[in-house]
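Note that the chains are named A, B, C and D in the order they appear, and that numbering of residues resets to 1 at the start of each chain.
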Amino acid sequence: MAKHPQKPINLIKWFDPRNKSLGSWAFILNRITGLGLTLYLFLHLIMLGQLAGGPEAYDGFIALVKNPIFLAGELLVIAAAFIHGLNGIRIGITSFGIAGGKQKQLFIGLMTVAIIAIIYFAIRMFTH
Amino acid sequence: MRDGFDVTPRSGEGAGLWFLKILTGFLVIVVLIIHLIVNHLIVEGGLLTYADVVRYYQNSIIPIMEIAFLIFVVTHALMGLRSVLLDLHPSNKVLRLINYGLVVLGIGSIAYGIWLVLVIVGRG
Amino acid sequence: MTQTWSITYEIFRKKGSQAAHYDRFEMKVDPDEYVLDGIERIWAFHDRSLVFSHACHHSTCGACGMVVNGVEKLTCITPIRSVTKDGGVIRVEPMRNFPVISDLSVDMTVFYQRMESVGHQPVVSIAHEDSKGKFDPDDDLLRLSDCIECGLCISACPIALTTPAYLGPAVLAGAQQSGDLNLCVLELVDSENGAWRCHSAYECTEVCPSHVDPAWRIMDLRKKLVSRRIKKFFGVK
Amino acid sequence: MDKPQAIVIGAGFTGVAVAYDLAQRGIKVTVLERGPLVNGTSGRTHGLLHSGARYAVDDQESAIECIDENLVLRKIIPQVIEPNGGLFIALNESDMAYREAFIQGCADCHISIEELNPRQALTLEPNLNPKLITAFKVPDGTFDPLRLAMGFAASANTHGAEFHLFCEVQDFILDGMGNVKGVKYLDRSSNQINDINSDIVINAAGVWAGEVAALAGNIDLPIKPTPGVMVAYDQRLCQRVINRLNEPGDGDIIVPQRKMITVGTTSFEADNLDYIPVFDDQVQLMFDRGCELIPAIKHTKERGAFMASRPLLDSGTKGRSLTRTFKCFDHKESDNVDGLVTITGGKATTMRLMAEKTADLVCQKLGMHVPCQTAEIPILSYRKFHIAQTREVA
């Protein structure tokens, strides 16, 4: 009996969608957006700390985030939230044994919703 | 390894954690929807100034909702992070460190958030 | 009806401690032949040192699982037409997440031990539970179970890729089908490397050549485990 | 005293069963197989556990062996068997003409059969050709070829037998008198040539037994490799084995397994045994003949097509009339080469019996007096099988 290969951890392989089915795309997307949102969560908490600094600090901060680079960043966060959230719904309900056979259709449907929502928010943000 | 199984007893993934992750994920979505409705439909013009934010927090429902939201999001995010870290197969020792780290980080950020909310409410 | 295609097989080779490499074999094939037929011809006429596993040639034994052009396939029922085109390449590699014995053969010993330990039933009633959770109607006849223990699902699983300790889809599906979740089985599947490790990528179901739908079974197993816990919590036996 | 060392060449059904029987009787067994388990004829069977009824008219010796062993295998290794029985169905007058001989043959061979009228048969198997005239229920079954072999190999393992897979025999080691003293083999997984000494070598190489025996000298075995095609379809259209009630012929059987069915088979003679191509016209023939038994095959997708070569014994006649029974050769007696025994012929169903007779001969040659127990002891789970640890563990 040969030993199990204890390969060095190859992080890239997690995110390699070649030859993979839709489910893996969902898995990869979920991981990336999840990690991204976690990062954002803590940045966001730190930035909201400006509120404790009183009106000047906060309003100055809001003026800063009005610039297009921050807006684009914010859009990314919204996109990630929609993808992660809607995909989460899919995982949640299939995990309880509901619609397991329809997970692909579910994924396509929910991601369509996500894309529409993202476009809607993009237009809203950049036209205001 | 016993017959191909790694049976070192440690709380890696488990039913409780998994259930909690699904549950908090669901709650985040629910609260987020309420949050979006309140922010964009009920409050006119959004929360773009300090004064707006302080006024917004005068309604007693709001701070409770925001704190709940914070708890759900932080729990969900840190458990998700832990799942990702577990896939790097940490040793028992490293996993214990990760567990402590995440608990401290979680409690810390929730405490910080509550403090922040109370500060804002106090400014009203 | 018979066509002839010129294709190139690129075969993963590894002997003992030598470094791995790929050998190329240019072949004339009928596109309706199966990938395994070509591999067997390479062995019979071109290179007698090629090591590969196969037995039944009709998808009942699960010996000939390999990675064909990056995707897990049971090569005895995979027509050449479905994986390449005339003038194209078929790259054949051993399954991932298993120790390689040599060339295209992998060692399934640990996997078999796990299947044994979770009590997977090799023979089931004809009225067996399918992936929609339904039973076929009818009598007391028996048949061999769907899972042919080919290992394709474990090769395709992104979590099995991260750790060999993860039991893997086939084993968890085996536990779900074993019916009686006794304490030994519970210890294995209700744990870090068991049912809770799955991240719903559904690759297992995607590559399964044999109607098992392991992903559905893992989800169903979770449902069983949770309801057990709830019952236990409320003291219901 | 050290255990005597036996080498079994070939890990087909015969090889694994011989290995188990010998190991069980206290002999140290090493199995050398040039490929994986059952990669040749054994693996590529449609998996019919014969009731013997197929041979009850033409080859009663085989038929009796089959029914006896059928019952033994059901008892000792149920974990790889679909025990659902089978039907012989008659579709025309020619089939009906065979009926009397069939009933008589089954009675002679103590195979229990039950005649069903068409309505009863269609209740059991709704997909049968509704034009059937009569049907007989027989105790056929289906087995999983790889797992059947693995089960025997696993049991052999627990008695200390070692399985060296991907190890191709290159030559025999002879003493000065031309007697076999061991084997030289190539381990294909590491490209190394190794020697192993033995007290006895059992040649269980099936259709390749002639080639193997020839390595030991001028030995001629009467084996006629007789390939046949089988085609698998993607749906389980019957729960029982469906046979044509007639003389054995092409495409006269449909074997259900898991969620598919396999139609077999043809019979011709081949030259190159290492690769026998699947011929389109034979696949078409299986389809046509299969549709006669179960018309719904017309709407079913082909799942796989494969070819296997039976190691039939040549009794001087051609094709299907070759005998299905087996023969054990002591080359001391036939060719004055000691230390080598060949077992060949037979059916998967009779594998245990073949091993019993071979092991009897081997024990007699080694001067051992140990009875065979394989008919009584249950076979272990096939998942307990493991290959020999010859490789360095990294």
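Note that a contact is a pair of C-beta atoms (placed from the backbone, for glycine too) under 8 Å apart; a residue touches a chain by one contact, two chains touch by 3 or more.
The structure displayed is predicted, hence computed values, not measured ones.
Of all chains shown, C has the CA centroid lying nearest to the centroid of every protein CA atom.
Of the two chain pairs shown, B-C and C-D, the one joined by more C-beta contacts is C-D. Centres computed as Cα averages put chain B at a distance of 38 Å from chain C. Separating the centre of chain B from that of chain D, both taken as means of CA atoms, is a distance of 63 Å.
Between chain C and chain D the centroid-to-centroid distance comes to 26 Å (mean Cα coordinates, whole Å). Once the centre of each chain is set as its mean CA position, chain A and chain B turn out to be 15 Å apart.
Within chain A, the positions touching two or more other chains are listed as 1-3, 9, 14, 91, 95.
Looking at chain D, one finds that residues 386-387, 391 touch two or more other chains.
The set of chain B residues touching two or more other chains comprises 87-89. The touching residues of chain C, when paired with chain D in their complex, are 1-2, 15-16, 33-34, 37, 40-41, 43-45, 48-49, 51-63, 76-77, 101-103, 105, 107, 109, 112-113, 115-116, 122-123, 126, 141-146, 148-149, 210-211. Only residues 3-7, 10-15, 17-19, 83, 86-89 of chain B touch chain C when the two sit together in their complex.
Those residues of chain C lying in contact with chain B across their complex are 109-111, 113-114, 117, 159, 162-163, 165, 167, 187-188, 190-194, 196-197, 199, 222, 225-226, 229. On the side of chain A, the complex with chain C involves touching residues 1-6, 9, 13-14, 18-24, 26-27, 30, 90-91, 94-97, 100-101, 103-104.
Within the complex formed with chain A, the chain B residues making contact are 22, 25-26, 28-29, 32, 48-51, 53, 73-74, 77-78, 80-81, 84, 87-89, 109, 112-113, 116, 119-120.
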